[in-house]
Structure formats: structure tokens, C-alpha cells
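Next up is a structure, given as C-alpha cells.
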Amino acid sequence: MDHVYAPGKNHLFVPGPVNIPEPVIRAMNRNNEDYRSPAIPAMTKTLLEDVKKIFKTTTGTPFMFPTTGTGAWESALTNTLSPGDRIVSFLIGQFSLLWIDQQQRLKFDVDVVESEWGQGANLDVLAEKLAADRAHTIKAICIVHNETATGVTNNLATVRKLLDHYGHPALLLVDGVSSICALDFRMDEWGVDVALTGSQKALSLPTGIGIVCASPKALEAAKTAKSLRVFFDWNDYLKFYKLGTFWPYTPSIQLLYGLRAALDLIFEEGLDNVIARHSRLGKATRLAVEAWGLKNCTQKEEWFSDTVTAVLVPPNIDSSEIVRRAWKRYNLSLGLGLNKVAGKVFRIGHLGNLNDLQLLGCLAGVEMILKDVGYPVKLGSGVAAACTFLQNHIPMITSRL
Amino acid sequence: MDHVYAPGKNHLFVPGPVNIPEPVIRAMNRNNEDYRSPAIPAMTKTLLEDVKKIFKTTTGTPFMFPTTGTGAWESALTNTLSPGDRIVSFLIGQFSLLWIDQQQRLKFDVDVVESEWGQGANLDVLAEKLAADRAHTIKAICIVHNETATGVTNNLATVRKLLDHYGHPALLLVDGVSSICALDFRMDEWGVDVALTGSQKALSLPTGIGIVCASPKALEAAKTAKSLRVFFDWNDYLKFYKLGTFWPYTPSIQLLYGLRAALDLIFEEGLDNVIARHSRLGKATRLAVEAWGLKNCTQKEEWFSDTVTAVLVPPNIDSSEIVRRAWKRYNLSLGLGLNKVAGKVFRIGHLGNLNDLQLLGCLAGVEMILKDVGYPVKLGSGVAAACTFLQNHIPMITSRL
Amino acid sequence: MDHVYAPGKNHLFVPGPVNIPEPVIRAMNRNNEDYRSPAIPAMTKTLLEDVKKIFKTTTGTPFMFPTTGTGAWESALTNTLSPGDRIVSFLIGQFSLLWIDQQQRLKFDVDVVESEWGQGANLDVLAEKLAADRAHTIKAICIVHNETATGVTNNLATVRKLLDHYGHPALLLVDGVSSICALDFRMDEWGVDVALTGSQKALSLPTGIGIVCASPKALEAAKTAKSLRVFFDWNDYLKFYKLGTFWPYTPSIQLLYGLRAALDLIFEEGLDNVIARHSRLGKATRLAVEAWGLKNCTQKEEWFSDTVTAVLVPPNIDSSEIVRRAWKRYNLSLGLGLNKVAGKVFRIGHLGNLNDLQLLGCLAGVEMILKDVGYPVKLGSGVAAACTFLQNHIPMITSRL
Amino acid sequence: MDHVYAPGKNHLFVPGPVNIPEPVIRAMNRNNEDYRSPAIPAMTKTLLEDVKKIFKTTTGTPFMFPTTGTGAWESALTNTLSPGDRIVSFLIGQFSLLWIDQQQRLKFDVDVVESEWGQGANLDVLAEKLAADRAHTIKAICIVHNETATGVTNNLATVRKLLDHYGHPALLLVDGVSSICALDFRMDEWGVDVALTGSQKALSLPTGIGIVCASPKALEAAKTAKSLRVFFDWNDYLKFYKLGTFWPYTPSIQLLYGLRAALDLIFEEGLDNVIARHSRLGKATRLAVEAWGLKNCTQKEEWFSDTVTAVLVPPNIDSSEIVRRAWKRYNLSLGLGLNKVAGKVFRIGHLGNLNDLQLLGCLAGVEMILKDVGYPVKLGSGVAAACTFLQNHIPMITSRL
């Protein structure tokens, strides 16, 4: 039996790992299989084809590594770059910080563009750097689409525009861990060269697949990139793609079936409807935060994230206490503030397979917790604000008409 | 794939079948087994012992029939009564009505005491009948503890007091389908002769076990009761109890393991805490209903049910439309009004493995639906009322301290 | 954790409950649902239509009771007969015995035709009785298609021929518990009036659905049958069939989804292929028994059962010890000898979702056990005999070509 | 529904991924959880402690990477070695070949000691190299304990003796992927510096955890090793071990619970009993192969593997056809011959959660397939040989006494 049992469902509102839909849990409830039988390659083929849709790419080549987002980062970098390569990377929160740490340890020459946590990537600085880089010493731009620690969404379309404007050939590498399949993401249209996500985020699976999608230009770079790599090497995969067996080493049978089911659900709902649902839940959350009289960690509306909201608490309150209390009294899992914003923000993850009433239960819980810790919230205020918006915007469930 | 898929969790608030805890779903996720191996009788023995605790009986004998509540009713009646026997039975809603229909079709002489739907059993009439029945022609009193159709809880302690007061030997047969393991129920203290429930109610299992618990006096009656029965016969079970093999026919292996897990969870939480949780959720629901300006179908506080609340809607609204909309727009399952109260009430089931934030999500949903159908509710009002109460009463989760 | 854990799979070869296919276990791995939502009736409708196919009937009406085979028996009897009705019933083993016991306790006038255990129903006696019954006092013939205790399959076509020959209007009630969906069974062609089975047999589900299928003539009889019944009453179901809600009380959501998956698998394999597979496994088992130098409890080839083989052991061996040892040393579940053949036979169930190599593992196990208990078996002999037959008869797996 | 459905269980006898015990499948049947809540670190702590037992180490430090065996290899190498370091590595089959390929691509100076496939590592050559290496230029010895492609088990105790004899300080890195938790493996006693395995092998889990265990000497080496690494870096883990949160990035919640259950089962059976079971099944398999008149790919008894048997087929037979037929006709999954032995051997994996009757079913299947492809096998011969041995050696199941 679980050591930490509590009655009822756990309300899982961390920004990952997120709630797995019941049909996906069912699909994964199975014994192992021989991955060299004809069945697994046949299914893998459909997965590789379908997974491109969530990146909105037709020209990209996806790789489904048995790893996490951190591994996917490593795969993106080591397949396209060589030690010493200059890259521009944006530091706007804990996850961009960790990626930069990885970039540095992999011996790239990282040109860090830092913003205050709560702000987006400083694209003016990018423009300056691109303008100045006539010699094209910058080999890649590394940017997180959505910084999970602060709830900040960067504007990738602008990044592309700048690169095009300056005719700069740098690769565009994007961490889409908390965005792809939840936010509007357009790999082909935005000329992203490598995009990546993890299975436990908007795909609503367990942790275990790091999906990396490479543009033709990125694949070309992989032919000459000198970073050492074996486990994360795209070329090994490409060799097995050609053979039609697809796997250089053993994949998780369960996760493949789970991914198949997850994609089926996403396509049944419609990817654009999935994105619209995230947009609606994000807006509702922000309306509640406003009604509580609290501030969003994200400083401007243009950066508001529809997958995670980091809520600033007043200085006299420790946000960690809110997270602890959520778990200990309400069976609610919220995200901690990390690093620079530890103690200052708590995070509500609203991504993945989630609906409106689930979010409203969470918001009601947050209100009670705020009162618990001494913040003078008017109980019901956030839920009221969210409901007022939602009642006008929730669509009918198509399959039930 | 399911035909009626919707994103996120289904919010299941019908008064049965109710939400199954994840550890119980896990426990049932298994292949069949030989039920004649030593393992199943050994487990059955623990179940028979432990299931008595949820009836609060030490002297009762439980039977776990592979059936539903309707079958459990039939078992209670046919094992203790003979065709033609006079019984007093209370009609206060759809489920007491169905039980009475069964009693009549099984050819008992049913003395029906009817109340307006929304009221409890008329115990004054019972007193009169007992007083008048010097000859003890009444063989049994049949009463539902909690009428699921109207959300009315009858006062069983008073029934016992009346029987004792008049020194009347009638058997006391109680339908505890939507009460046992959720409401305060005391088989031994209240001198209940047969009590019964179904697995899909407060035990939070799938449908499939009808649990019937018989007092020594009921077992005695079973020796001479002339109602024909085989499948539902207690004596067949008693024969196998003596043999130590326990089962006259094949039980569901999965449900036995599920029941084991369910009882373990209930005992881990503590039965009294389970009951307190239901009391809290019932109160919160009623506060929300009041805040919405709506009336409870239950006419007096003494009958308020902590497992189901039937909400009266204004005459211009069809309550069925509320239930339909809940399902079609909010992935929320509410209970319909049945029979006499069809179209007039909708029901919120708040029994079984459920916690506060789940209920609040439901209440927020109901508010939006009310607005959808044209009722001028103030969004957030019910949630606010519920939260104000709950924030003062939710206990810390013991296993997490 | 299970108290009786052993490494590897349990080899389940009792004649029920039988192995559940993994896709069916998956389909049942789910939370409860509101059975009054549109989803459940829609699925129920497909089930009622499809379940007729396994009875090979187009004119029959199926009922899926939340009960066991014993309950299905009771439903068959009480819906078609009145107390005092004369019925002819064949006693050829423990399960026919139990059904007769039920018939007697339900107060029918049972004309028992007994055979030695190991023989089929004595149809000569039936012929005599039908010939003599000019007044048509016999209201029903009750017969088990396949006696699970002895592995004897009765010839239903002959029963029908006799009834037709004598122009006798008696109803033909058939226990198909260990035959339907495994043996050749033809409800319409053989003029069966009520046929029944249980979900945990050839359908390869958990226990919990007793499926009863009634001919138009049986439905007609149900209008006047005077046996008291409520839970098992077909008429209640028919009322709800008309309403399109299908369920007079709460079904098991999990079993409905499980039945849907089970039928899908059966139709994917093809019902006739399912039957051919049982025929092949039955034959292989009998060849092994012969190779061991042991006798089949079934005395003539015409009665050999393709779902269960009861093996006679030499007088100096206690067959119960074989079953005990199978479980305690080999993680193999075999069937005990019951009642008259207790200690004298052990049973190998080979029905349900089972393939050739599974059976061969079982047969190899039985050989070792026979040696364990002192029977001078030549190890490998039974497997060799079975393989010699099987290697010529196993078909290619269609879905893998 | 699965595209390649076949009736009955799939008989999974590839040497990985292997059969998952039902209790482990159950344990993994769950939603995601917040891995930063107190529950996951608490469980992780017990896992790290208990996982050491399967390596037979008290001084080692385990790392549970979300990766495969290939990733575990990379972690072992990059944490202990620097590019250019000289290592001695033994090529005896496909998996040692792949590891050597990795070693070369990671830019180590690999001194490859090749043996004919079917032979073990040439330890005489190792002795020579160690004797010659007075300057201790050899930084590590890399060896697979059990080569999965040929079924060859190397003698690690001798490797240690040689290192000790020559007082050589080289690190000893061992691939225990198809040995640990199945074969006799003694990390501390044999002075292994890094040992590793994958969850989908003898631990009988899905793919997804690469467990790497490092000796104090290996940890010391990790402080100075210059190979670039981030995802696979032990030091990141060690930092989080100190913090008590354990995870530098998101683990798979499901696999952690699965590993907990898997270890519980292994300890319940007893690790030495698990190893004895593998020894028994290995011996039984080899006896069958001998009875069929076929040769083991492994050329000497001292190298026989108890986890996988590679069977040589006569030159006129294509072993791939055996594997194809196994899958297409018998629902049996066997291992292909790889690379140099492609078409020449097929492999029977007999590792993980497996029992005797399962193996016997497989062996019976192989016999029929051999006949299918024209090899003149005497049906039953292999099973007879295996049974004769097994019937004398299978222990009683402790939990069932």
C-alpha cells in the first residue's frame, strides 16, 4: 500500500509530470514484448509519422529517445554542435539556467543573455548580437519556448524574424518541454532546427521518452558535429530507420503503446482544440490570481504562459509553505518556486490532459491554502472570476453531441 | 478507444457507482485464479471478518453475494420471511418504492407507509402499528437507511427504540446501500437484523458484490423461512463456511482482491474518519445549495443525507437538462431526478472515495450549468460558502504529517 | 503483496475461472462510470446484439445478469416454469447434480435420469419418457451440454431430434456454462429454448455475468410462469430494453467493457476458429493421457469434451494429491475431482483464451507430478503424443501473415 | 486493439525485454505523481539501498538512470575515463562489439581482445597484457559478464585474480546486463568498479532504468575523469543524494514503483533462490538442446550461460526462419542470431520472472518448429530430457507450504 495515502484523487498541478488519461494508463498496462517482432517496428513507424504533427512539421525527422528532457537537450546539442562552438543562450529561469549549465559543461562557448526572472528572452540583445556577427561565429541560438520555472513564454516567431532579417545561418534550437502539444508551436513555419519535448509534459505520459525533432539543416549539421555521443546519436537512429527496425537499442514497449494512445486522444480532440483548451485554462488561472489580489511572476502579458502560472506571494509568506500545505491537507500537488524565486512563488501547472472542473477544484484549494497561511483572500473570489470566463468559453464535448 | 472521450477526468458525482481509488483499481488488475486453491479461502476469511467492521457488528454473519443491491434485497427478504408474511415497509422515494415492489412480487403482505418524497419514514405511523399489533403479526420492518432518490436519511435508532418500547419481535431489515461505510450505521447497537449494501457505493468498488449481514435472530429465521431461494440462500453459504472453502459457487477473484484493498484503505483512514469526511462533504454541499438560493429536496434538517443531495430546481427549469449539460459540456456526471421527482431535482452524489477539492470542482461546475440553463446564480457563491466551511474543517492528512 | 507468490506465471488449467486475455484485462482497468449516461446504453446495445452470435441465435433474446452460472440457472428456471411443473433432468456429474438440487428446491417436480459418472445423458430413457408422455406433462428438459465435473459432452442435436420425433412441446433448457463459445453450440438449429453461460468460462472474463438467452417460446412462457422472481426476472429487463436504458439495476461497468473486448477478440479470431482451437487442444490432451497409460473418466469417445478432461488415476493414488502438488511445486492449477469422483480424477481445463504451448507446459507439468506421486510415467511421453498431433494441426496466426 | 493479436499468452523467450510479473504490472498501473513530494524521495531511498543487494555490494553507490543498457554503458565509461585513456576490452559477440564501438566513438584507446564468437573472453591475453603493463597505462578492463548474443558467461573471479596477481590498478568495468539478478554476481568480492544492468532484463521490468553501481574507487575516478557528460554524470546525482531529493531530473514514477515491487518479489523469493532457478532453467534448456542433437553456440561448459542459450542450427537451415515461424505459428518469441551468427543460431532467453512449466512450453514449441523447418527432431525428446532433470530439482514453493 502507498505510504502517503489520502482519500480521493490526488490533484496533480505541478507543471510535470502531469495527469495521464485513463485510456493511456490502460494502453500501458501490459507485459513486455519482443521489440524485434514485426509488430513493434510497424507501430513505431506510425508513431514517427504522427509525432511530427505535434511539432507542426512535415520536413523534420523525429527521434524518440528513452530518456528525459535533460537527455533530449543533450541530444539536440551534441548532434548539431562541436566543442568550442559559439552559441547564444537565454537565461530567464531555472530550466534555461540548467540548459545553459549543460551547454557550458559540453564545452560550447556560451554567450548568455540574461533577463530578470519573470521576463522573457531579451530579443533586443539578440538583434544586436546577430547584427554584429557578420562573420557568423554564432552557430546556434538556444531558447526555451516556455520557461517552466517562471511561466514565461518566449516569442519564437520574432526570433525567426530576426535571424531572417540579418540573414543569419545560426541553428535555432528550442526547448519545447512545457510547450509542445499545449502551446502554439510551429516548427516548420518558425524555422526551428531542433525542437524537443518530454513525454511527461503535455503529451501526458509517464517520464521516459525525450522526443527530439530535427530539421533537414540540423540533420546536415549532425554529419559534421564533433561532439562525442553514442547513446544520443541521431545517426545510429537514422541507420535503423533505413533498416526499418527503427531501434538501435531496446525501447520501452509500454511507452510506445502509451504514446500511440496519447496521440490518438490528441488527434481525436484535435491539436488546435488541445491548444485552445490550454489557452482557456491559462486565462482562467490568471483571472483567479488577479481576483486574489496576487501578482503573476511573469511581468508582461506578452509572456504569459498557458501551461504554467507562477504566482508571487507577499513577502511575509513563504511560498514553500503553500506547497507543503497543499499536499498535507488538500491532496493537491503544486509546484515549488525554484532557485531565485524559491519561497517567493508557487506554481500552478495547467498543462496536459486536464479539464475545467479539475482546474476549478485546484483554484478552490489554493484559496483555502492562502487563507491557511494568513493571506486575506476572499474565499470563492478566484473561482468566481475563473468561472465567469469559463462559462462563456467552454465548448461542448464533440463526441457527446 | 472510448466513444465518448473527453479531455481530463470524468467528474463522477452520481450516487453510485462511485469513484474507485487507484490502489483498488490496481488490486483488481489481474488474471483469474483457481478459487479452490488455499489462497482464496484464506483471503475470504479475512474479508468476512473485516467486512463486519463496516456494519459495526460483532455478532452478525456477513454474506458476499455476487450480485447487486437488488439481489441483496432479495436475499435479505427470502432468507427471513415466508410468502404471506406481513411486513411494514416505508415508501419515501424511488429506491424504497422498488424494494416494496420486490416485496410485493415475492408475495409478502406489505403494509406500506408512504411519505411525501423529500420526507423521512413516518415513524409515528410505525409506532401506531406496533402498538396495535399485540398479536405480533408484523414479521419484519423494512426500511432504507438512506433514500438515494431524495437524499433522505431515516433515523434507525428511533425505529429500534419503538420496537423495544413495544417489545415487538419483528425483524428489522435495513437497506444500507447508500449509507453503510459512509453514514453512521450501527448494526449491533440498533439491533438491525439484516443490513445490506452494494460494492459500488461507499465501498468504492465496481458493482458486483451485494453484502448482506445477518444477526443471530435473522439466521434463526432463515432456518424456517419458506421463501424459495437457491442462489441467494444463506444456508448454502453457511455450509461452505463450515467447510472452510466459503464459496458455494465461483466468486469474482478480482472483486475479492478489490474488496481487500478497499477495506485496507478504509481502515487506514479510519472508519470514523470516513464517516466524518462524508459528513463534512454533505454539509459543504448543502451550504452551496443554500448559497445558490435553491432548496434541498429533503424537507427537514433531521433527514439531511451526507451521501447524496437532491437539489430542487425552479419550476421553469428541467433538471434533466442540467444533468445532460453536465455530461455534454463539463464531463461531470450528476444524478437524474427519478420518477415523482423527475425533472424537478438533480442529485449530487458525495459518497465514496472522494475529497474536498473534487467536490469543489463539481460545485463550480454546477454553478456554471445553472447559469447555462438560465438560473440567475452568482458564480462562485456556492464554492465560497462551501470553502468557508471546509477551510475550517478539513483535517490534515495523517499519513503525510 | 500476494501471500502465495511464486515466480513466473500461474498456469491456470482449472475449468473455470479461466485465463483472461491481456487486452481484456486492459479494457477492465478503469474507474466506474455513470451507467445512465448515453455511453453505457449505447455499448450495451452492441453487446446484446453481438452476444447472440456466440449462442448462434438470431431469434433469441439475451439477458446479461450480474450473477454467476448458478444465478443463470435460477433465471432460466424461474422465468419459464411454475412450482410443481414436471421436468426431466439428467444427472451425470456434480454440476448437473447441483442444478437438479436447485430445481428441486425451487419446487419443480424433477424426473431425474441418472447415469454413471463418466457417461453422457441417457437419451434412450428420454425417448421412453417422451413417448410415454402423451399428455405433455413434461414442461421442460434440463440438460447440461458439457458436464464440467467429468468432461462429458451431451448430444443436444439428438435431444432436439427426439423432441421433434415425438412432437413434444417441452422447453429445452441447456446449461452451456462450459461449452458455449468453446464447443459447437447451435441455439437456433437445435431449438434450444434457454441457453446460458457464465463470463468466467469460455468468454475468458472474470466471474460476474450470467448470460441467459431465451427463445421466443421461452419468452412466451415467461409471461405465465408462476415462479417468484424479481432480481432474475426477464420481464424487468424487457421493460428496460424497450426504454433503451437496458438496465433495471446497476451493471458492472468494468465487465461490460471487458465483454466488449472479449467479444471483439473472439470475432477477430473467428468463432469457428475458436471452436476448432478447443477441439485441437482437447484432442491433444486426450492423446497425452493415453500416452501416459491413464484412462479418461469419460467412457466413450462420443462424449469426449473439448473443454475439460477428467483423468482417472490408479486406485493407489489420491488425485487430490496431484492437484495439491501441482499448486505447491509447479505453480499449476488443476481441477479437483468432485463428489463421487473425488480422489479418483483430476481435471485439466483447456477452455478459454489458451494456446498450444500453454497446454504443452501444463502437460509437461502433469507428467512430472505423476512421477512425483509414484505413477511410472515415461517423462515426455504425453508431450510427444500431443506435439505429434499439434505440429500437424496448428494453423498460422492470421494477423501475423 | 492490437494488430497482431493471437489467442493465449505470448511466450516471451527473447533474452530481453523479459516477462514482467503480474504484481509488478499492477504496481506500475498508476497516474503520475509530483516527484518532489516527500513520497518519492522516501521510496527512492529504499530503492537505492535495496538495489545494492542485487549487485552484492555494500560499498558501492548505485545510480538509476532513466535510460537503457546502452546509456548505462556510456555512464560507466564517461564517469571514470578520459578521452585517450587506454582500455582493454573483450570482443566475444554482438553486445561486446557494440560496447567496444561505443568505447571507440567516445575516443578511448581501446585494446580489443577478440575471441571466436561462442568462446569466452581470452583471459590469457589479459594476463599477458597486464604482465606487460608495468607502467599501468591500462586504465580499465571492460568486460561483459554474459554475452547475450552467444550465451557465453565470462569468469569475472579470474579477471579479478589476474588484476590482483599483477597488482594492476586498472578499473574493472562490467556489463552485467544479462547477468545481474540472474547469475552469480559479486561486485564487492570480485572487486568490480562499475557494474551495470538494465531494468528490462533479470529485474523483469519494462525498459527504462539503467542501473549503474560504482565502487569507491570508481567514484574517486569520477572526480577527475575528463569525458564530457551531463545527463549521465554521477556527480549531479551525488549532489542530489546529499540534498535528499535524489533526482537531478524527472524519473519515471511508474518505474520506481515497479522497481520497488520487483525488488520485493526478488527478496521474497530470495536472491540466491532466484539465481538457483536460473541455473536450473539453463541446465534444463541445454539438456533439451542436446537431446535434439543440436549444438550450443557456446563452445565450452565453463562458459555456459544460465540466462540465454544460443542454439546452432545445421547449415541447411536458416535460424531466422525458426524465429519467424515461432512468432507466426506458435505465439512464441525467440531471439534472432545477430551479426556473425545471423542465420546460424536462434536464442532461447531464460531469464527473469519465469518458471519451469513456461520453459517446457517453449521447448515443446521449439521442437515443433524444428520439425516444421525440416530438422529431424524426435518430438518430445527435449522436453523429456529437461523434465527428467527438472522433476528432481524443482523446489517446493515456500509461500505455499
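Letters A, B, C and D mark the chains as written, and numbering starts fresh at 1 in each.
Just so we're on the same page, a contact is a pair of C-beta atoms (placed from the backbone, for glycine too) under 8 Å apart; a residue touches a chain by one contact, two chains touch by 3 or more.
Every value quoted in this text rests on a predicted model; they were computed, and no experiment measured them.
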item: Chain pair, A-D or B-D, that carries the greater number of C-beta contacts; value: A-D
item: Chain located farthest away, centre of chain B as origin (C-alpha); value: D
item: Chain A and chain B, separation of their C-alpha mean positions in angstrom; value: 44
item: Chain centre separation (chain A, chain D; CA means) in Å; value: 34
item: Distance from the mean Cα position of chain D to that of chain B, given in whole angstrom; value: 53
item: Residues of chain D engaged with two or more neighbouring chains; value: 2-4, 19, 22, 25, 29-31, 38, 327, 400
item: Residue ranges of chain B touching chain C (in the complex, touch as defined); value: 2-4, 10, 12, 14, 16-20, 25, 28-39, 42-43, 66-71, 73-74, 83, 101-102, 105-107, 198, 200, 206-208, 227-233, 248-255, 327, 333, 336
item: Chain D residues touching chain B - in the complex, by the definition given at the top; value: 22, 25-27, 29-31, 38, 400
item: Complex contacts: residues of chain A adjacent to chain B; value: 1-9, 11, 19, 21-23, 29, 261, 264-265, 268-269, 274, 277, 327-332, 353-362, 364-365, 367-368, 371-372, 378-381, 383-388, 390-391, 394-397, 399-401
